[in-house]
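When the chains are written out, they are named A, B, C, D and E in that same order, and each has its own residue count from 1.
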Amino acid sequence: MATSFAGVPIFYYEALASILFFIGLTGAIARRNPLVMLMSIELMFNAANLAFIVFARAWLNNAGQIFAFLVITVAAAEAAIALAIVVVVFRFAQQVDVDEVRVLHG
Amino acid sequence: MIPFWIIAAVLIVSALWTVTARKPIYSVVSLLLNFAALATTYLILHAEFLAVMQIIVYSGAILMLFVFVIALLNSGIAAVVLGRDRVPVAPAAAAALAAVAFVATAIAAAHAPAIAPIATHSPLGAVGRGNVFGSIGDFGQALFLSRLLPFEITALILMVAVVGVVLLAGDLTPYVPTRRRAEQTRRALREAILREGK
Amino acid sequence: MSSAPATSDLVNLTIDGVPVQVRKGTLLVEAAKLIKQEIPVYCYHTKLGPAGLCRVCLVEVEGMPKLQIGCNTPVAEGMVVRTRGESVEKGRAMVLELLLVNHPLDCPICDKGGECDLQDYAMAYGRGSSDLADPKTSKPKAVDLGPTIVLDEERCVVCQRCVRFDDLIAGERQLVLKDRGHRDMIATATGDPYRHNFTGNVTELCPVGALTSKTYRFKSRPWDLKRTETSCTQCSVGCRMNVDVRRETVLRTMSVEGDDAVSDWWLCDRGRYNVGYVDAPGRITQPLLRRDGTFVQIGWDDAFAIWAKAIRAALDARGPESIAALGGGRLTNEEAYLLARSMRELGAKNIDWRTGRQRQATPGSSGGTLLDLERAGAIVTVGESPAQLAPVMDLRVRKAVRHGARYIRVASHEAPPTMRHHDVPDVAAAAAAIPANVTRVALIWDGVDSTLARAAFAALERDGRTLLTYISGEQGNARGAEAMGVLPFSGPGYHVADTGRDFDGICADALAGKIDVLSIFGANPALNAADGARVRGALQAVGFLVVTELFMTETAKMATLVLPAAGAFEKSGSIVNLAGDVLPTAAALAPPGGVLSDFEIVAGLARALEIALPDTEEIERATIAAAAALPVGIAFGDERFAGTAKEPALGDGLRLRVTHHAFAGGGTLANDERIATLRPLPEAAFSRADAERLGIRTGDYVDLVGPGGTMHDLLAEVRESLAPGEVVTIAGLADAPANALAERSRVRVENVRHADALVEA
Amino acid sequence: MRKHLFNVGAILQGLGITFKYMFVRRPTIEYPSIKKQHAPRFHGLHELRRYADGKERCIGCELCSSACPANAITVIGAENAPDARVSPGERHAASYEIDELRCIFCGLCEEACPTDAIVLTPRFEMADYRRGAFVYSKDRLLVPSDAGVGTPPDERPNGIPADLGRVAEVKSTMNVDRGYSATHRGEVLKTERKGLAG
Amino acid sequence: MLIVLVKSAILLLVVLTTFAYAMLFERKIMGWMQLRPGPNRVGPWGLLQPAADAAKLILKEDLTPKTADPLIYRLAPFISLLTAFAVYAIVPFGANGDGSPWAIGDVNAGILFLMAISSIGVYGISLGGWASGSKFPLLGAVRGTAQMISYELSMSLSFVGVLMLAGTTSLTGIVNAQERVWFFIPQALGFIIYVITAVAETNRTPFDLVEAETELVGGFHTEYSGLRFGSFFIAEYVNMLTVSCIASLLFLGGWNAPFGLTMIPGILWFVLKVGAFMFFYMWLRATLPRFRYDRLMTFGWKVLLPIATLNLVATAAWVALH
């Protein structure tokens, strides 16, 4: 199974990663639901990870994998904090629309 | 080639669904699918440990957290009522940024060697042997020997995150033992009664 | 009781250690009641007096060597009586043991079980066992005494209450004691069926289960029954009575003990037995609308809407003259008031209760109470006597006659009563027949012939004499309807109002096509009006005829819209009886599903017409005020009440007269199958002279032919009291309506079939 | 700490108890196939008895219905036709109904009956799917005329009569619209008699 | 490829049959412990009861509440079922003479795979409860999710001790490392932690707060009926079986025979150990009452996690010293 992927040009992987990144970015900008925005950000992380892992595989250097691992860990921390903020905001404002919640505007 | 196209199609469709889904829970489900496909890709790219981590951490922990928050915030089925999405501007801005990323990776890809099969009898390498690329042993050695500092920094970041989350979402009222709280309530009640003169 | 008795009339005595002061001559049983100490009695009855037969009322009187019977021992000054104690109890136990010697112990089967004096006293005072070892006597168990009563000879303890009732109260003397000794038994003297208008009272009087009603036999046990005290609405006396209901069926009615003012503790058989109509299969339970010649069932909302629309259309097209309402004699005061009020709210004045032969119900200011009637020295009846019209009033007459009053019937065409009576041909003779020393004279009128009533009043009124007048009408709450203003010329409380058309006038208008909507509430003019043919023609000429009824009566069958109404047992309210007493009626059971009371029907119509009606409280207040209003300004046989119908032209032949029978009628009587045997056969009574001239004997069948109709298959009777030139038939029989021929019209006798010939054939 | 250790001990003790009970003899009676012996005067379904000449014992006196503490009995009396007597005496029960759902099987009706007409049989199997089926009227309470006279409580054999084991079979022949054609006991006796005759 | 398919089919059959009879024997054992006979009407000793239950579940009407999210509502049972069965792809049941395992796939990162799959399994409960659109399932789902995440942590830590001792993540390797000494002896604390967390992970009494019927009617599957309910039902028992297999493989020596009783085939030993663990499950259910929710969380975070960490540190120290 693994061999069947052999021969796929790295460019294809990079194009895939870019598309995923683009989709994630669009979501993060366009959506107003903070949960979906966060998920879009996760998508972008994953696109980056994919690129790292492909390059690691190409160079046969596991530094890329280590970097991807760190990204996953940091993403976990990020998600936890962000969701905590969402919960707090919801408790405070009874809504989560990022355009409506403007407490930082003063 | 065909498996790659299939996986790629799954990845893109599920990513699109994640971003466009009407209900956040659909985003979660599609993202789950996306992660599964990604994990498969990682496995094929000899990132064995990362494939498992992708499932355990991303699907099992992070995404679960999303489900949890959705259930907490929105106990019903109806989507959280929100204003209109900012659709028209978004793709342009995103496309610009994505183009930059694409150009960067394309340059990198141009320099990278083609993916060559790793010539071992066991494609994933012997367990625990640090010299086979992508094996858990190899990964572990790299993590704990050559890349220990970033690992420890990540641990610190995680710790900070945990403390932050507890402070943010936790109950910030000072802890009072139950018995003492009951006593306080009783006293307050008595005082209120005295004030009211009843 | 009304005035304090003089001290010399009072006697002091001690009963069970309690000092009692009673009037001289009081019996110990009654005296003991004052201190709520019961002395058991079987043969004694407050209304029948003592007989001293059963001896269960033994009491101990100090100074007398033996036990005395409490029911026949008058009080004496200083008497010391003990109703309890060892010797009394021993004596009573012995009496009870002897009473039970031949009394079967079939209490579980017996209808009286549960309300039986013998059972109760045997439990209270009797011994648990008997020394008698021999078998009890065996006698016939279900002896058919008559159409209403069954006798169980084994159970009879020969207290003779029934015999004494028949003798002293009813005056019929049909029941006697037959044989002597242990064969002593109740029977009719002649062996004929026991039959008169008060037979049911003997079942109540019987202290054991010997006399039972055919309609109630084995239907229920006393503890199953839900009892409601109400007033009878069958006739204008309004006797107080208890209605016993089980499983939404009226099983029986009982008299109310202590009701001295109205019923004198009795009920007539019609009031007692005509209850089976409540759950008769013919009850209408849904509004019926005539559509293309047949009736279709509709809902109440539709019914009210259609009715209101018809009324509105009539008012818009031809004004309030084109609508009319009839009925009131069977309604409660509240219903009658609401009817009169809503009709007048619409501006309609054509409203009348007089759908039958009776013209007037309020006797005017000279009216007396029923107790006054008892004390009259002479009683004069003009028109029909109350014997069939108001039977319990007739019991008062009999009581008065028993006390020595003279009973005078003016130009009566009825069969002679069983009491002493004087039949006189005219009012002048009646006035002459009154003894000179009589100071109280009662004048009873049937309410039909106003001229006759006025003449009688004028003839009998004399200085130094009190003249009490009574009108024994045919409808239960006729006087109430008049008081509530269901009259074309007076409103509630006899207030004079704009005069509209009375019943005759409404019929004339209808025949002339001037009445668009006629609403009839609980009345059956097609059967009961004097001139049936004309009335039926009038009803047919009405564009929109509404009838509220329990059954598809003759009138209801002609209606456009028939509305199911609640019966007398199914609604609460008040009535006014012939003596002016305001009596409450209470609902004993709920009406069948889909049936509304007339009150609700009128209210529903008012709502559909968007007429503002007073609230319940105001209705109640106005009703009470109107019922209590004195009928000032109304004369006995008042001209205003007199009919406007023309007297039929004289001609050849016999003059037709109509008489009432307690069990002859349409709706409730015709639809009660339990009393089928009590309904009279259609009959024609002839004077002896006429009968001989026409060759008719009693038992023959004849047809009467008059202008506009024929009465078929009448049973002929030769009646001695009848004056020649008259033939008398029974009014209101559904299967042979007497009003096929106009009253007082001249009729021919045709198609005489002799009884013996019929037997041969 | 000691308390926590004690709790662990309690858990082990509990496990021991449940394990021990695995081997304890079970008191369960496997009901439809094995039936318990009831006391001779067990209070079960009612039966209306007959006299030896076939006449009903019930005279419709309603004493049972007035004795009934649950108001379960409704009796409507009627007069015996002289030529076709239903019961001795003048009165008989035109309608006799017991609502077995109301009945508390106290047996007071049996006590109150002056003619020993109503008796409680040991039959207790009267389950049904319709409420109406529990209102037993005379056609189901009365012993069929060809099935004897019914058993008074004093003469019943020890416990449940042998025929009660076949309740399930007999019930399946029940006509649900008309109700039972007879009481169960009568039905069984009838089939047995037929079997003997045939 | 074909061999893998055949193997999978056989394994599916075995697992399903085991599930069916596990259910029956649970009812039987519960009955015995509660002085009842247990199911005994269908077939001799009630042996056909599973067939009857299956027929009932299949024939039952499948209801979807009006307020439910139709897609997720239908998806959730399949996630549960899928993850429950997916584990058996790597579970070895025995070994050939040459050391190759009797398993569909021998994966080096076996234990990690296991953890990955079981972490996905929570989705069945949380999505199912959420998508029912009714409050009891939602409460059950939220509870269940929190509970499973909390206890998964301690469970993973209890694995790590075994991993350190065995020096491999391959399940076959771990079993082979226990040839001399079964790991439940050196890893006694780890084993106890594993047993507790295993019960919690499968939502069984006394940790069945997910479906606490006294409070939440049926918990996350209140609204489910028919085969969709059956899917959850099967998943729960298959998970029990999985957890028993893991216990047997990681702590009880897998197919290794005790006391040198090697004449009995290893597969039988394995089955025996799994069976014993399953019995323990049922025994617990018949004995212990349900935890209170706050106590459950307190126990998971404040008792189990520190002990598990302690065990880990101690094991690490021991391994480092040797």
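Criterion: contacts are C-beta pairs under 8 Å (C-beta built on N, C-alpha and C of every residue); 3 or more make two chains touch, one makes a residue touch a chain.
Note that the structure is a prediction, hence the values are computed from the model and not measured.
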Contact network partition after chain D is left out of the picture: A, B, E | C
Labels of chains that are neighbours to chain B and to chain E: none
Chain E reached from chain D - shortest hop count over touching chains: 1
Central chain (by mean CA position): D
Farthest chain relative to chain E (centres taken as mean CA coordinates): C
Chain whose Cα centroid lies at the greatest distance from that of chain A: C
Rounded Å distance between chain B and chain C, as computed from the means of their C-alpha atoms: 97
Separation of mean Cα positions, chain D and chain B [Å, integer]: 69
Distance from the mean Cα position of chain D to that of chain A, given in whole angstrom: 75
Length of the line joining the C-alpha centres of chain C and chain E, rounded to whole Å: 90
Multi-chain contact residues (two or more partners), chain D: none
Residues of chain E touching at least two other chains: none
Complete list of chain pairs which touch one another: A-B, B-E, C-D, D-E
Chain D-touching residues of chain C, taken from the complex the two chains share: 106, 108-109, 113, 141-142, 217-221, 223-224, 247
Interfacial residue positions of chain B with respect to chain A in the complex: 1-4, 8, 11-12, 15-16, 18-21, 24, 27-28, 31, 34-35, 38, 41-47, 49-50, 53-54, 57-58, 61-63, 65-66, 68-70, 72-73, 79-87, 89-91, 93-95, 97-98, 101-102, 105-106, 108-110, 112-118, 123-124, 133-134, 138-139, 142-143, 147, 150-151, 154, 157-158, 160-162, 164-165, 168-169
Residues of chain E that touch chain D when the two form their complex: 29, 32-37, 40, 283-284, 286-288
Complex contact set, residues of chain A against chain B: 1-27, 29-33, 35-36, 38-40, 42-43, 46, 49-51, 53-60, 62-63, 65-66, 68-70, 72-81, 83-88, 90, 95-97, 99-100
Footprint of chain B on chain E - complex, ascending: 67-69, 71-72, 75, 108-109, 112-113, 115-117, 119-120, 122-123, 126-127, 129-131, 133, 135, 138, 141-142, 145-146, 149, 152, 167-170, 173
